[in-house]
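Take a look at the structures below.
Across the two complexes that follow, chain A remains constant while its partner is chain B and subsequently chain C.
And then the complex of A and B:
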């Protein structure tokens, strides 16, 4: 009699769980992307109708708003991830010096924003940014610097959202990089110092290459996370002023869960997903080859 | 008889003796005067149980006479029973809406209904921006998480049109409904789909023009205004041009002497927070010729023959131009003003002379402890325009044109077809919309706002004075709302399937224009193009049929 490997039985619940919660929605939504299914059309009687590539053609050719949202999403991601990485790396290096005073205190303080729920953070910043009663403008006015049109100027609003992301997620970069820095072996540094390497040379040729696996991982995670930008847009600007801060995810949310156009919403999601996968692959390959 | 039953009897006896409302004469554009006289009952719990087939055997029969001047006299027999049984013991209802619409339930009605019936209520508060999504998701997934839904009446095309809401007429026949004739006709129309009530009205909505009468009546300011503009300060402004002049005059200086700079006008302008209704207020004046509903008069949204959107017409562009101009005389943070921010700033901060909002500002003026404008506000219907676009003849008509517009359409309360406790749900919504509890909601006596008058009995000034309003303010405030909602030519809000998408697209282009990234012409052209696409995607013929039906045209 053939024996069933006992190991399979142990992992069976995980496989079933994964199939139901991850694979099924992916396959189902992929199917929907090729269908027309708009609730306002048929209400309780509505059902998906196969329409082939129409949704993708519409999205790629005619949806100006989607590509405008996509443009902002990429800009947001590029700026936010770069700033977070550079600031996080700087802080990590600073706090990795053993003679830095108050390092434990700063380590805790820097972690606090990351512990807040993003939507809560969004509502907090919405109040801070308020142009007439917000504390930021009150402080600026008290200092004689005048008001900033945080939420009413398209470019200021775009960068205000990036600022919120940097505030909340730089600690993530910092924490991961600090942990990595503290686990690096000391021998290469000792050898470099004996050879007369400068601080910059040590950072460029020893520290960063050794941090490469961690950097790859955190940049990838943050990039994917930023490309899904939703909470801050929903909580702070609702895509305004105008359409200036509308992100791809927020637009997809409107199409799918406000207009209840499931087919088209699915197609838009898959376009974003494909772009994210492509970017991830490029990022991984580039970082593997060298910084 | 238990002490509780005894108390209930006493309570009902007092209710029977009490005349809850003096229906004041109602004028409908000078044509029909309606005097509603109630001889007998109805109030509170008694009113709620009026006509209830489920009421127990111990009843009192009272005769109620409703006199409708000119037209007819209706006599209705109303049975007021004493509730003795806990009819819904063990039944749990889930009610979903925004937190401010659930506020009266939290503060009073939940407990009242639970005590009366033995049932229990769970309240699910959802932010306004997520309400449609939550409810529709529940429908689509057929979860049936919500029994009772308090929702904006304009969504009835999606909700009832989609088959997700119960037709309430059989319930009304079986279990009765207190004083149906007391509901304002315009509000009743909002809750109807296919000629049947699929919800009960829970709110009467229209925009008002608010103005700081204490500031505008200042003789010094009036003199300066006349010098600058060559005519007397208009109190209240009758046209949008006058609104612009007043807003410009009061913009950017400290007119209330508090040491801070104030502004001319404020309104809801933030993307995704109902800003499009302010634009529609103006479109109603510049793009809709006043009159009965025909293709070219009294019709605001689509051509009645082709379903072509009317928001691309020159009148709509002119309206947006005026809105952009008004925004120059508003606080610098105007584009960040959602309904909450606007109301806070206007009522608690006193930032502008003129404000545009639903009835909520009037309630907050008196009921919000932080209000700095108590007794200082004047109320007026929407200003008109000095010219109106004649779509038929493709030319401007230089004449005064003013339309009332029932913005938003008011909140309605309906029962999900997926509810497992529909009878209990009907009992609850009947209770909530019956005269006495609803008067407490409308007058803000419970400290909640969001629900404005929708019954004739809500216009009883004495009740509002009791709740804390100043008498003069209550008279003016209620007078304006009654005038608007009784206007036979008052434009109804859009209520066909896809409204959320139509309005979101309009809102997006409006926001682009207010942010200065596109011109009014381009914004309205783009909005029109989007509306065409939505109509096509939903089926032009079907949408046309539903649009015509929503206006009462065969």
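And then the complex of A and C:
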């Protein structure tokens, strides 16, 4: 093996960059979480003041708005990831059946949503949801179904956001699963066919077990990304109607950078960070094993 | 017997075909409606017309307004500068680190621990650092400049680019490098003259992914820019607040914001999934 110091020269810039621009901010944010530092009369207070655990106590005991946002974030994640996975798996299986002409065309068109800026997607869907400009309600009316109050009813709005997420990110599940399906070995299938296994048995006892590592990885990745939910809320509902579609990230953003309550915002962001840490650790350990 | 089987096949394929086409429509319809809205004149914006030339006369008036005047051109320049430079920074640092991790063996910390440390930054929710970022950039007077956003986006993409570069370099055979070293090339020389040219496709793919992520990013841009360095997503988000009813311009902005990443994604389709799954799935 080659000498070590030269190796360090290659990775040192990245390590230093990350230490300065992620680890240091995270440490600062942790410090702020134990302080009170906010916008007061005449501008932002000049110095943070140490107040111990008060921010955390307030967040855990009294902040119902935060926990409602957190609840919605988890509900959103659970529903969106499940639907995306099932639809993605279905499509991947359909497209992997046989190599027919035009398969590439479907794959390429299907992937388009996931390259788009989420905020662009948000406005694209506003154009569909909107009462006057939007077309969805007109289509529903024409089909004889009633109009839906997309943005004015709390539960419809909550599910409308999930629908947008499903639209944009099902392709991710689909493409990852399709790629994984196509790289599976043929032998187990041949053996199963000889033994007279049904399609369902093949799926249940051969395909899914072989796909398990990929499935776990993409489910974790999607869950971690979903829990960051911000762009759609900012772009489509701004947390409304009322506070019904506020997500944890959106509320933290408001507290920190709209109400300029840096201390409390940092404490809230640390609670989210800790909640996501466990999930991230699982994913990281999985990826580490692959090295 | 043969005929019966054939009938069953036809039925299966019809069902599959219907599902695939239905999903195709679901995917394309929002794009189509956005584009159609962007070529409607203001007078008919609220009418449910769908077919240009047949149901209504399309117009480029909205496109002209957005592209020539207003805030649009500036936002595009900002987005482009930030994405081009931040991706370049991510790629440079990431390629170096990826090469180091792929070719050298570290003793005190194992290679995979370093790699995992770098990757772990990718899992952090961005909202956890926006407050310190805001304060840091304010301290250095970088708020509302390109630099703030370039730094933020390159750090944000760095774990991904390092991880993928490592993955790509692992696939470049080490023997060629060894012979270059034997012939008297330095380590840096080997990296620059032998390994880099061999891994150009991978590096281009990494650059493209970083570009797409930077172009699409909203939260940092919203936090760090206001009225000079705003990017396209910030502009779109703000347009709504300022001009409640300007759906015609919004449709144009959204279309323009979507075109570059989608075109890039279609070109680099192969690498997109590999990148987004952090190399867990390879085509």
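Convention: the second predicted complex is superposed on the first by the 264 of 291 C-alpha atoms of A that agree within 3 Å, B and C clash if a C-alpha of one lies under 4 Å from a C-alpha of the other, contacts with A are read in each partner's own complex, and residues count from 1 in each chain.
The rule is short, and it goes like this: a residue touches a chain if its C-beta (ideal position, glycine included) is under 8 Å from a C-beta of that chain, and two chains touch if they have at least 3 such contacts.
Worth saying up front: this structure is predicted, and the values here are computed from it rather than measured.
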Where does A:147 make contact in the superposed view: on chain B (first), on chain C (second), on both, or on neither? first
Chain A: partner with more touched residues, chain B or chain C: C
Under the stated touch criterion, which partner chain does A:176 make contact with: chain B (first), chain C (second), both, or neither? second
Tell me which partner A:257 touches in the superposition: chain B (first), chain C (second), both or neither. both
Is A:237 touching the first partner chain B, the second partner chain C, both, or neither of them? first
Touching A:54 in the superposition: chain B (first), chain C (second), both, neither? neither
Between chain B and chain C, whom does A:32 touch in the aligned arrangement: first, second, both, or neither? second
Can A:218 be said to touch chain B (first), chain C (second), both, or neither? second
So chain A touches chain B in one structure and chain C in the other; where do those two contact lists coincide? 130, 132-133, 234, 257
Across the complex, what residues on chain C touch chain A? 16, 19-20, 23-24, 26-28, 30-31, 33-34, 37, 45-46, 48, 50, 93-94, 96-97, 99-101, 103-107, 111-116, 118-121, 123-136, 151-152, 154-155, 158-159, 162, 187, 191, 212, 215-219, 222-223, 232-233, 236-237, 240, 247, 250-251, 253-254, 257-258, 261-262, 264-266, 269, 272-274, 276-283
Enumerate the contact residues on chain B facing chain A in the complex. 129, 132-133, 136-137, 139-140, 157-158, 161-164, 270-273, 331-336, 341, 344-345, 349, 351, 417, 497-498, 500-501, 504, 508, 511-515, 517-518, 537-539
Give every residue of chain A touching chain B within the complex, in rising order. 38-46, 65, 129-134, 147, 149-154, 234, 237-244, 254, 257-261
The chain A residues in contact with chain C across the complex are 1-2, 4, 6-11, 13-15, 17-18, 21-22, 24-26, 28-29, 32, 90-91, 94-95, 97, 106-121, 123-128, 130, 132-133, 135, 138, 167, 171-172, 175-176, 179-180, 183, 213-214, 217-218, 221, 224, 227-228, 230-231, 234-235, 248-249, 252-253, 256-257, 262, 265-266, 269-270, 272-273, 276, 279-280, 283-284, 287-288, 290-291
